[in-house]
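Heads up, the next two complexes both have chain A, just with different partners, chain B and then chain C.
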Partner chain A sequence: MNGNVEQQQEQEERQEEYRLLVDEIEPKHNIVKNCFFAFLVGGSICLIGQLFLTFFLTQGFGFNEAAAVTAGTMVVIGAFLTGIGVYDEIGRIGGAGSIVPITGFANSIVAPAMEYKREGFVFGVGARLFTVAGPVLVYGTLISCIIGLIYFLLY
Partner chain B sequence: MGDKCGQQSLIFSQPPVIISGANIVGPEEGEGPLGSYFDWILDDPLFGEKSWEMAECKMLEESAKLALQKIELQTQDVDFFLAGDLLNQIISSNYAARGLEIPFFGLFGACSTFAEALLLGSMLMDGGFAHRVLLGSCSHHLSAERQFRYPVEQGVQRSATAQWTTTASGVLVLEAQGEGPRVNMGTVGKVVDMGISDVNNMGAAMAPAAADTILTHFQDTETNPDSYDVIVTGDLGSVGQAALVELLKQRGFDLGEKLQDCGILIYDTCEQDMHAGGSGCGCAAAVFTGLFLRKLREKQHQNLLLVATGALMSPISSQQGESIPAIAHAVAVSS
Partner chain C sequence: MLLRFLVKGVESLSYLIAFVVGGLICVIGQLWMDLTRASITPAHILVGFVTVGAVLSAFGLYQPLVDFAGAGATIPLSGFGHSLAQGAIKAVQQKGLLGAFAGGIEATAVGIAVAVVFGYVIAVLFNPRS
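This part shows the complex of A and B:
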């Protein structure tokens, strides 16, 4: 028994030692550069959204309607760019900057839809449409419910 | 008949001869620094098929046909076909074997499959069970992406340590007699797991397996780094190779310039934005059948040790947080 425990300890030590070695070798992420590009790409997407919002407001929409139409427009643009194979290139540069805005949500729905079309509309597109967006929807809804409940109890 | 030697190694008494080889690669691989060594560079990663999976299968089947065509043989002249790939239930190889109609062994060793096939093929030959063996492996970037990672059009940022699954296939034909490079020895790898669980850093997971197999090979066969003029690892990439160099140094071996890696060679990693380099069953297969087979034939290399490495996880095991077991098989080929 003792032998086994010792062996296990030795193995763990060797693994730990190797992990330290790998940590040393691994190329490091350039956080400043990544943040800069995320800001640039994310900011540009938001700027375009703001331009649409302002445009719709000048066309006589109320604020709520204008916001909804803007979100819809941005989803269409995100889906279109995914369809022509451009959005993944934007994502490569922008990282979180292209994932967080609503265009990223559109991308996460359209990409699996295109990908799994070959497995058919039921087991392919239907079953896998939300593989990426699913967790966002599940936990987004869950958190909204919890916050709603807290709000209800407090006021 | 051949002999087992030491713990894990084999020495062939009648070393099988590599009489032919062929490969097909995708557009990115064709644009890479080894472009001129490949037989067939695809413009269209779909290869005229309906799906990436069928394109991958066609790549393997067509490279097999090409390898036979080069020596004017038919599929019925071959005794066995050994192949493997990365897809679930190795469908690319299964479907290619359906088309070729040659008695078939399907193999899985992840990216080490090519060396595994070469080793087993040589054993079949030396054991007297076959006169001629066809073997190969393949991978496709887009079919691997959808199985292991994200949908192709998903806008995600790749990790700096991530490797790029190559779109490539490579096939060899072995014969008992003839002219060409010979497979002299081999070392069958053990599964080694040093606790790395990051699927975006497979090179680091595989390096300890490569080190283990290389050191065992030296010990078993009483060879040393001077016995070889080049030692080629499968697809450790830049991070894995750096780890391997350190691990070998700790044991007193410095291979220096002799150590090369198919995953690093196949792309211009900076120019092509491939991060740590290439990976996939097709990587070692295409680089060996393209670059190294030619160099062996032209006698630029006399003795080569191919050490193909494989990361043996699945998307399920990695989602469940398990670490990545890895394997490396070594095959010694002389001109």
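This part shows the complex of A and C:
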């Protein structure tokens, strides 16, 4: 029994050493540069969104409707740019600046579905559409129901 | 006349504000990716932003940002969380308990349907480059 515990400790120590080694060898991200490009790309996407939002507002939509139509438009643009392979390039430059906007959500829906198309229309396209969108919808639905229930109890 | 909306936005600085606020929200995501473990994927970022956005919205902290920055606050996925939370809250006011379950999905149904329909069409029509 005692030997077992020692062995285990030794193993854990070795794993710790290995982890430190990995941390050392792993290339350090250039955080400032990454943040600058995330700001630039993410900001530009939101600027394009603001163009659409302002346009839809002048077309007589209320703010919430205009915002929803804008989001839909940006999803279509993001999906299309993913289809023609341009969004990958934007992502290489923009990092999180291309993930966080709703166009990144569209990208996360199209990219895996396109990639695994050969697995068929049900398990390929159908299932892979939700590789990332699935978790987003699961946690989104969970949190909105929790908020709704708490509000119901307090209301 | 077509460009009237363009001029309107430039005059009110709304484009600049959307750019700066949207950019800063993305920087938060980038810092999260760079300063934490390498195992953080886009899926974690998106789930995190939706959840945090919904919670902020429930406490009434996200609406002021939307009023200030417009698309700079609604285009990042935290805006999706904001729609979910506000949908749930408004539906509870109208329908009670049923609204707690229906509201979030109802408010975001258009966005989800557009994403699924266009995502499907694009994925079927196009092939990956490499």
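Everything below uses one rule, namely that the second predicted complex is superposed on the first by the 154 of 155 C-alpha atoms of A that agree within 3 Å, B and C clash if a C-alpha of one lies under 4 Å from a C-alpha of the other, contacts with A are read in each partner's own complex, and residues count from 1 in each chain.
In this section, a residue touches a chain if its C-beta (ideal position, glycine included) is under 8 Å from a C-beta of that chain, and two chains touch if they have at least 3 such contacts.
Quick caveat: nothing in here was measured; it's all calculated off a predicted structure.
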Touched partner set for A:R92, first chain B, second chain C, both or neither: first
First, second, both or neither for A:Q15, with chain B first and chain C second: first
Touched chain A residues, chain B compared with chain C: C
First, second, both or neither for A:G148, with chain B first and chain C second: second
Touching partner for A:L129 - first (chain B), second (chain C), both, neither: second
Contacts of A:S108 with chain B and chain C, given as first, second, both or neither: both
Touching both chain C and chain B, counted on chain A across the two superposed complexes: 26, 29, 34, 82-83, 85, 88, 94-95, 99, 104, 108, 110-111, 114-115, 131-132
Contact footprint of chain A on chain B as seen in their complex: 50-51, 146, 150-161, 194-196, 201, 204, 208, 238-239, 242-243, 246-247, 273, 276
Of chain C, residues touching chain A in the complex: 4-6, 8-9, 14-15, 18-27, 29-35, 38, 42-43, 45-47, 49-51, 54-55, 58, 66, 69-72, 74-81, 83-85, 87-89, 91-93, 96-97, 99-101, 103-105, 108, 110-112, 114-116, 118-120, 122-129
Residues of chain A that touch chain C when the two form their complex: 26, 29, 31, 34-35, 38-47, 49-55, 57-58, 67-68, 70-72, 74-76, 79-80, 82-85, 88, 94-97, 99-106, 108-111, 113-115, 117, 125, 128-129, 131-133, 135-137, 139-141, 143-145, 147-152, 155
Sites on chain A touched by chain B in the complex: 14-16, 18-19, 21-22, 25-29, 34, 82-83, 85, 87-92, 94-95, 98-99, 104, 107-108, 110-112, 114-116, 118, 131-132
